[in-house]
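Both of the next two complexes hold chain A, though its partner changes from chain B to chain C.
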Partner chain A sequence: MTDLQFLTWVRGPGLDIAVGIFLLGVLWRLFEIYSLGRSKDLSAPRRTPGASGLHTVFRRSLPPPGMLKCSPVSYLGGYIFHIGLAIVVFGFAPHILLIRNLTGLSWPALPSQFVDLAAVVTMAAMTVMLADRINKPAKRFLSTFEDWFTWAATFLPVLTGWMAVQHLLLPYTAMLALHILSVEILLIVLPFTKLFHAFTLFGSRWYNGKVNGHRGVPV
Partner chain B sequence: MSASLEKGIRVLKAVIDAPIASYFNSCVHCGLCAEACLFYTETGDPKYTPIHKLEPLRRIYEQEYTLLGRLKKIVGLSKAVTDDELDQWQELVYNSCTLCGRCSAVCPVGNDIVYMVRKFREGMAASGHAPEGIKSAVNRTVTIGSPMGVKLPAVLAQMKHVEADYGIPIPLDVEDAEYMVVLSSMEIINFPEYLGAVARIMQQAGKTWTLCSTAFEATNAGIQIGNSDLARVIVSRIVEGAEKFKVKTVISPECGHAYTALRWEGANLIGRPFSFEVQHIVEVLDEFQRQGWLRTEGFETDKLTFHDPCQLVRRGGVIRQPRTLMRSVAQNFVEMPDAGYMNWCCGGGGGASAIEEGEALRLEAFKKKKTQFDAVKPDRVVTACANCRIVLEESLEHYRMDIPVIGLTELIAEHIPERNKPEGA
Partner chain C sequence: MQGSLVDAFARQGVSRRSFLKYCATLASMMALPPVAGRAMAEAMAAARRPSVIWLPFQECTGCTESITRSHSPTIEGMIFDMISLDYQETLMAAAGHQAEAARLNAMQDNAGKYLLIVDGSIPLGRDGAYSCIGGRSNVEMLKEAAQGAAAVVAVGSCAAFGGIPRANPNPTGAVSVSDIVKDKPIVNIPGCPPIPVVMTGVLAHYLTFGSLPELDAKGRPKAFFGETIHDRCYRRPFYDQGKFAKTFDDEGARNGWCLFELGCKGPVTHNACATAKWNGGTSWPVESGHGCLGCSEPDFWDAGGFYKALSLPADPLGIAGAAAVAGAAVGVGIGFANRAKQGAAKSAHETTTLADLEK
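Up next, the complex of A and B:
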């Protein structure tokens, strides 16, 4: 298979398969989780301003009092790489073009040098997070194969995309094909690994906020 | 598989709901819950990371409720939960978890970890893996009526003492009283001043109240061990008493878990809303004060701090009231670092103080509380939970720290003007 044939495959059937598994996977997983339901709380509620599911969905994006200094790397590294990923995925002109072709939606792109910088910063933050996972006793203890694997599955698309743009290591066609392949792997594993927190996080925060909000505690 | 394990796993399957499924799927293993847990911060042992305490429950969730997990189970790729494993987990689910809820307050993806520990305990209890200390407390509550084995004659004797000391009659089994007061065994045995304080406060406020001879005990070890059937039996006594005497409000005593059991879990345990209100004594005092029914005079001049009982504050929402009450009678009230919503547990909540073999770990974890005390160096500590109080007293003694611990209700009662007569009397 030549580089061009490889690229043609990942852009065509490869992408269709990956997007298909991703969409069906997400729908199935959401159904599997939220169809379990929960029982109604019969105790008399206490109403307090700021105590609700929706409040917690937003509030939990900020560190609770005293937590930032306990684990600055988790918070700062976490902010940087999540925001960085969002900039790279949704701000890079070729990505917007792809999304327009798939969905018809489009928006203005960010300058490519800025996206380039964001990619480098994201990779740096992810590397620091990886080191923190190895160094911090609780994080290392909790880590399983899935944690290392999902780190790599998230890191590789950024790395290969950046290398393709910079024309590093491999010819552009080959590197671009590898980049698209790595994104397809990410899409396929996302619904079935901890990466699915991208979807369930909202439900989890909402439940926590709702249950505690019933008691008048803004969590 | 043993019959008890089978039962335990059946219970665990039954407690898993959408929130638990959502929580397990959201965990990214960031380890922040460890930083919020006093058993981890004080020992540095990663096995005390809160989310890890739920590992057997997580595997059951995965194996029973996810497509991939079921496939893995069919082809023999998953590890079944065993009796040995649950036995090992006893220390993690009971001894090293006080259900304080700090982990649930910090989880960045929003997991209510303590909600899951509470549910996990249901399966641990059903499979026979609960600690002996809590098991016996539950048995005594069900058979005798209280976790410490207190019977009605002990309550009657205490009523007589209070009547003699303060000259105030203590009403028992009075119909149509506005308030029904329930006690914790700890207050009957160790802190009798509580009942005297309530009597004086009610007299000043001019409120009708009663004790109930069939429901004087408020603590609910069924909640702590994680047995909803027994918890229901225990809470039903109070419900029946309150409904028989047609009281408007049941006052939960200075006990954190009694409050959770009655205020938040009670209606769910019996399967219908209560026909009466439930208030913690601190809420009642705050309301009396706001309405002008409770008047105090004079101030404490030594340095006082307030220890927040987790179930009352972080898990119960009564955060402002104790502070308002403290300021009304203390000139030198200081807050500890992290006080209020993010306060650190005394180390003995959630039934942990009843586990003998957990004592060494509990004292180790108390170092967190000690650091908080060291930061403000109070002359006395005030709290609103008899269990916190006894755990604080014992731990302070262990560390040779001479800081007396008192109850908030009693502190307020001490400031009621001596010759104040009830309104209309």
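Up next, the complex of A and C:
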């Protein structure tokens, strides 16, 4: 199989399989999770300012008092790499083209040099966070295989995409194919790992906020 | 510098100076040192005239057209004056048994020394019966001719990689030269057709140094196929700025913006079009407003469509809809099962243990 054949495969059958498993997994898990439900809380709600699902959705995006100093790498690194990922995924012209093709939605692209910078910053932040996870005994203790695996599954698409654009290590065609393959692996594992937080994040925050809000606790 | 070739050129209105300039250009295009231009000119003028056998197989003659009719009068075409082209169906006067006899004679007289040029793919289906010359299949002729060849030059994408005949579903079972010939040095000069100067560059290199130029992993001369169209494209700055033509007649197209969104395969295509250009340096596909088709890459015909951008799916997504429905059905099914479990636990007054929470 030549580089171009490999690329055509990942753009064709590979993408079809990956998107299929992704959609299957996402809908499966969303239906499963949201149909779980909970028994109705019959107690009278205690109203407290700032205690609601919506408040929690936003509040959980900010570090609780004192935590930023206690664990700066987690918060700052987390912010930087999530924003960086968003810039790279949604700002790069070829990505927007794919999204337009699949969904019909499109928006103006960012200059590729800026996206390139965002990719480098994202990878740096992710690397620092990985080092922190290895170095901090508590974090290391709490880490399971899934944590290391999902880190790699997220990091590889950024790395291979950046290397393809920069023409590093392998010919562009092969690296582009590896990039698309790594994204396909990410799509396949996303619904079945903690990466599914991309879909459940706000729902679970709302849920927690609502339960605690009912008890009058602004979390 | 004297020689029959120089005289022949003079008769056709090509001065010695033009010839030297041409050789210097060839040398610089092949990234050879400046003195190589002079060496090339001398070697070609000396006209050692090595025997060349050109076998046309499953092809359209576009490659021959490209080299002979690039522009007129063409120095590329005159390269034929410095070789002894003993067999070339399109160009030779002989026909039928005479032509076959000329080929066999050349092969016998120059055994182990002649250069074999092949254009066209080799069909293997039905014992090679899809393409025969003089009642003999292409694969048979290639094996026979390759045996005594010093080297084989596969001209055009069909000979180099199978090309259009090999496109899915490949009804004739077409393969490339390198699929058949394993024990001889092979140079692939792909392109549909290849750039004339690339063909002459390889021949000139062989005549001058007696060896083949440095090749890449796909057997292509690195000097011409070392970089992608995209990397050498004059429209590249627009790609970097995110300025793309969306249709062939919009403002972006008129402003000469990048053709990536219109399906240009420049980023994955290795060729010299952007630097050598076509028709005597007049223009090249991207300059004339059409994206690169990727014709110098293996299986370019089946690479997902000429007008589909590289970042788009090569085929329409087939299973996505069914997968989404299946996913929703599984989710709803498990949802009902969970509800039933909850109901059963409730009616049995089961309590939640710590172990349950760990699940």
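The rule is simple: the second predicted complex is superposed on the first by the 219 of 219 C-alpha atoms of A that agree within 3 Å, B and C clash if a C-alpha of one lies under 4 Å from a C-alpha of the other, contacts with A are read in each partner's own complex, and residues count from 1 in each chain.
We take it that contacts are C-beta pairs under 8 Å (C-beta built on N, C-alpha and C of every residue); 3 or more make two chains touch, one makes a residue touch a chain.
Bear in mind the structure is a predicted one, so any value in this text is a computation, not a measurement.
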Superposition on chain A - do chain B and chain C clash or fit: clash
Contacts of A:Q166 with chain B and chain C, given as first, second, both or neither: neither
Contacts of A:F196 with chain B and chain C, given as first, second, both or neither: first
First, second, both or neither for A:G216, with chain B first and chain C second: first
Which superposed partner A:S106 touches (first chain B, second chain C, both, neither): neither
Contacts of A:T8 with chain B and chain C, given as first, second, both or neither: second
Chain B versus chain C as contact partner of A:L176, first or second or both or neither: second
Touched partner set for A:E32, first chain B, second chain C, both or neither: both
Chain B versus chain C as contact partner of A:G78, first or second or both or neither: first
57-65, 129-137 or 165-173: stretch of chain B that collides with chain C: 57-65
Shared contact residues on chain A - chain B and chain C: 28-29, 32, 35-37
Residues of chain B that touch chain A when the two form their complex: 16-23, 25-32, 34-36, 40, 44, 46-47, 49, 51-52, 65-68, 104-112, 115, 263-268, 271-274, 277-278, 314-317, 319, 337-338, 341-342
Contact set on chain A toward chain B in their complex: 28-29, 32-39, 41-44, 46, 48, 51, 56-57, 60-61, 63-67, 70-71, 74, 78, 136-144, 147, 192, 194, 196-197, 200-201, 203-209, 211-212, 214-217, 219
Touching residues on chain C, where the partner in the complex is chain A: 218, 228, 230-231, 239-242, 244, 260-261, 267-268, 294, 297-300, 302-304, 309-315, 317-320, 322-324, 326-328, 330-332, 334-336, 338-339, 342
Interface residues, chain A side, partner chain C - complex: 2-5, 7-8, 11-13, 15-17, 19-21, 23-32, 35-37, 93-95, 97-98, 101-102, 108-113, 167, 172-173, 176
